[in-house]
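For reference, the structure is listed below as structure tokens.
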């Protein structure tokens, strides 16, 4: 028997012996399937440049807001973790701090992934992590990440990643993607994703952004129609560079059909910086509608991630920048919010809409009923704070009885932490094996079908939902 | 050991062996109890006419929006399923489509009921359902439903149904119910239910409906008082024909006490078609209040089913009519919404109010606390999308610790699929046996009491809540 | 093997044998730890006077709205239970009623605590409670509570209570606390808690309350600044008498930064009784903000308990007074509501904010994310209707994966039922042992760490969160 829990073959599987035995058998069928990662935040240059990872702190701590936020909650200044480029502490000092806070991660999803990474990717015994061993582990990691077989492309292969999608700015020239695709020495499939949030949200920078968007699209007009044309053109540019989806981090899922004259009026006020908050929200809701409409034309799968107050702590934002752990979810109403796009495009052939949520209440109440009728709606996998073993199991329990197993997005790692990708997908496969095993134990599903479903959740679902 | 899961004696019971053994013993006490179905949508004429069921497609697919919605989500045009009278495909072709999509129902509540129906009611081996066997099963079902012992009344008896309530229009003359009651060859108890939604909701047809309501009641005035009188009169007509409850599918649970003059003003605007949306909502909230008031007088149990956007997809509504799978739930606020009727009638002797929900969050937060204080409030059983094994278990976990076992409505099948009634009640009894068995295993309840409770949930609860 | 369930050593532990064995071992480490109760409603005079408890009805039924509400729901008039000083029935008659309704408590948290109290504190065999034995048990309890070793101070010692906080009015002179502290024969630690709700909520009595507040503080001005000064002075008085926290039962968690002139304007309208409902809500939101600001200065831990419509049934309020079982929760939005105080004080050293909720949806969606970033935010333990075994387990499942084990308040009994304190803390320890045991069984946590965590949840969490 293994003594460390990161390698335990039964980790995350239900304790009941009968159920666990079924889960083990199911897992055998999915454990070695390639990883399909159709939405995430890995920088394509990581694979293009294929440089050794920097120091352990820069690799595992500073840029991972899942990690730094919890240490911050437990009293650590993020400057000491070198967040946002801070040099308040050395990389080694930051690492010692992390090790001294390792126990704070017990029971968390972040802790689970980190332990798996340490154990599986870096060969560090997870039971050894503590203040005393901090320096030794730092040295061990430093040695390890200098090795050729620890470079990003080698790991991409070792991780068995078939598809990896990045998230990109609409004005990005996608050069990294082009070079990667044209590189005969790299055979992985790395896809860009169109993420227009900054260009469809009214605010002080809106006029500048519209300017750069029009410039990138080579469009000269300055009215709403030109703006739409520029967005359409940049989407097509992404399609031409392999993109399969457009991602939208709207504040709420509200969508709004709108008269072109009214849209023009709000657009002009947005440019002038004179839109009221209500007008800004209406404009943004209309832009979600427009994005859906464009998806019906260019075929980009529409993913939507609403319901989060971003960068809630002004002082942290000022000191360390955005995405530093203080985004806080709130309740969403998909049922009312999506009305306009579902009325108009809900059964449009080829339209795919994937709603994600951190508000668990909408899984059984709204998302499963929507995906149980609208062929365009695919259930977004548990996202962010919900991308955790128990939450993933609650997700399956919440959606399956209404929508079955065929209407999901497949697992989405949504991560910028490249080395955590296998641990996350593995966790998802384990949780699904456990869930399916329970259905088998309760005589609600035959094991033969459970095997087919387990494979389909890993392989078929993302291909169908993301048109891969 | 049975090889098919539909007949497995332990289906839906918890996997843990100790808990399962307790659940089995509890189930023995409830498995053969008669079915009490105090709310549903079976047409009374089905039993009055006692004709053989039509073809398998018409029996099991076309009218069941639980079934057709999920096939629609998986890419099937509802016209191909003969929904809403469509003849785009033959019954046999529709059946083949269904069989080819059978796997889409894995893990769903609909799939569970269908499998039970196939297996228990029609003798079809559920493991045999697939594209290849579609025609053979169609023929087998066709042969089977032609048999005398498969007519509705024979099944009513075989299903061991003691009470079956239907849902009826306020202007219905209830002739079918009268004839059934007077038929000496039929001894089942079939009750009408007063469902006034269409007559208390402002909209283009409101004036016509008020007209027909006044006509049915034989009342000549046209003011709000006459309208109330007509509703009261029709309710009494239902009471006289055996009704025990009035059902309300309001958009929200908001109730509103209102000055008669203001009610008259809104009523007049409703008739004239000039009410604003806010006025319409206020009128409807007041009508819920009036319905509660009338219930305190005529004794009809008030059931309420809010929180659903109905017929959300215009094109589907136009092509196939209402109730075709695209109703989508949203969040409700019972706590604030019911204030006025609970302030005024919450402790009125004989007043029974049963709130149902598809918003699971209100079970522990609002409904259990309400039913844990107000003697008038009975907890509505899991409804619609929540009428599924895992959701029913979550329901028990959500309400029991606050409100115990005595304050519930009993299981409600709410179905128009007559042949699914035994499967649904059986599922509920199994889930409750599993839940109670867990309490016994965790030494929170003695098994003797668990037996009494299991029986009471099936037998006592619906009788108390629905005054049967 | 014990025959009654109240004494069963495995009560509340998971049924799976492997998991249960781990849970048992964990429980051994926490079962005998002292009780820390940093928030509750026991009257300090109970311990000061140290008189024998009155009759069993007055001890266990009449003042406990958890108990009387459920009997009321099941048809018992609260007057018959001597609620609110009613003498409609004798204490013995009320007791008989209770015994005849004992089964209504099956499966409830209240029933669990009562059974434990009967069994553990009073030596009454819980299996014997029924109508027939009502008088005998009444007599047995009467005899028992007359004994010296059943006086409050003896029980305080037997219950192994290390800290007990009460809840007190801002103008209270805290004499009972002072006398207790100065009493050399009592060594327990009993702390007051500052609860200013009545003094920060606009309503008919606001002017009078401000008057008494200013008087208590010895402040002569009557403007907003004087009022703030009086609150600040009374808080300091509480700090000087050992208080560690201030508790706020706001209607919603909304907080509002406000210009002093505007605050003065609303305050004046509040005194004059002319504030609109919107103005009243804004003032109350600002006062929450002010309370947070004062907490950053005087160090009182800020606890907040929003989301409850209080005293919803007017007739019951009139007959029996407040806190008689008809408070009903509704949904809250902590994420938006706390913005202003977290923006300004979220990382202020020494500021502690503990949000409690009866809306379970905010545990995973809002509270865990907040506590997973803000060092000031500690997760409030399950409160009121959620202070129950299954709900406590759902709580752990909802918050741990995001926030771990270090960010909680520790268990809060929040009770006025002194004799139920051990049963409640014991239940919490059992549920946590079961939860941790599951993580161990699923190889997500080593058992050694689980032991440390189990102890820390009981011992470390409340000390850290409440600065004890």
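The chains carry the letters A, B and C, assigned in the order they are written, with residues numbered from 1 in each.
The criterion applied here is as follows: a residue touches a chain if its C-beta (ideal position, glycine included) is under 8 Å from a C-beta of that chain, and two chains touch if they have at least 3 such contacts.
No experiment lies behind these values; they were computed from the predicted model shown.
Asker: Which chains sit in contact with both members of the pair chain B and chain C?
Answerer: Common contact partners of chain B and chain C, which must touch each of the two, are A.
Asker: Is the contact between copies chain A and chain C built from the same residues on both sides or from different ones, judged by whether over half of the numbers are shared?
Answerer: Shared-number fraction below one half, so different.
Asker: Between chain A and chain C, what is the separation of their C-alpha centroids in Å?
Answerer: 39
Asker: Quick check on chain A: which residues sit in contact with 2+ other chains?
Answerer: Those would be 14, 16, 331, 361.
Asker: Residues of chain A touching chain B in their complex?
Answerer: 14, 16, 18-19, 331, 333, 335-336, 339, 342-343, 346-347, 361, 364-366, 368-375, 377, 397, 400-407, 438-439, 441-446, 449, 452-453
Asker: Using the touch rule from the top, collect the residues of chain C that touch chain B in their complex.
Answerer: 5, 8, 10-17, 69-70, 72-75, 103-109, 111-112, 127, 309, 312-316, 325-331, 358-361, 385-386, 388-391, 394
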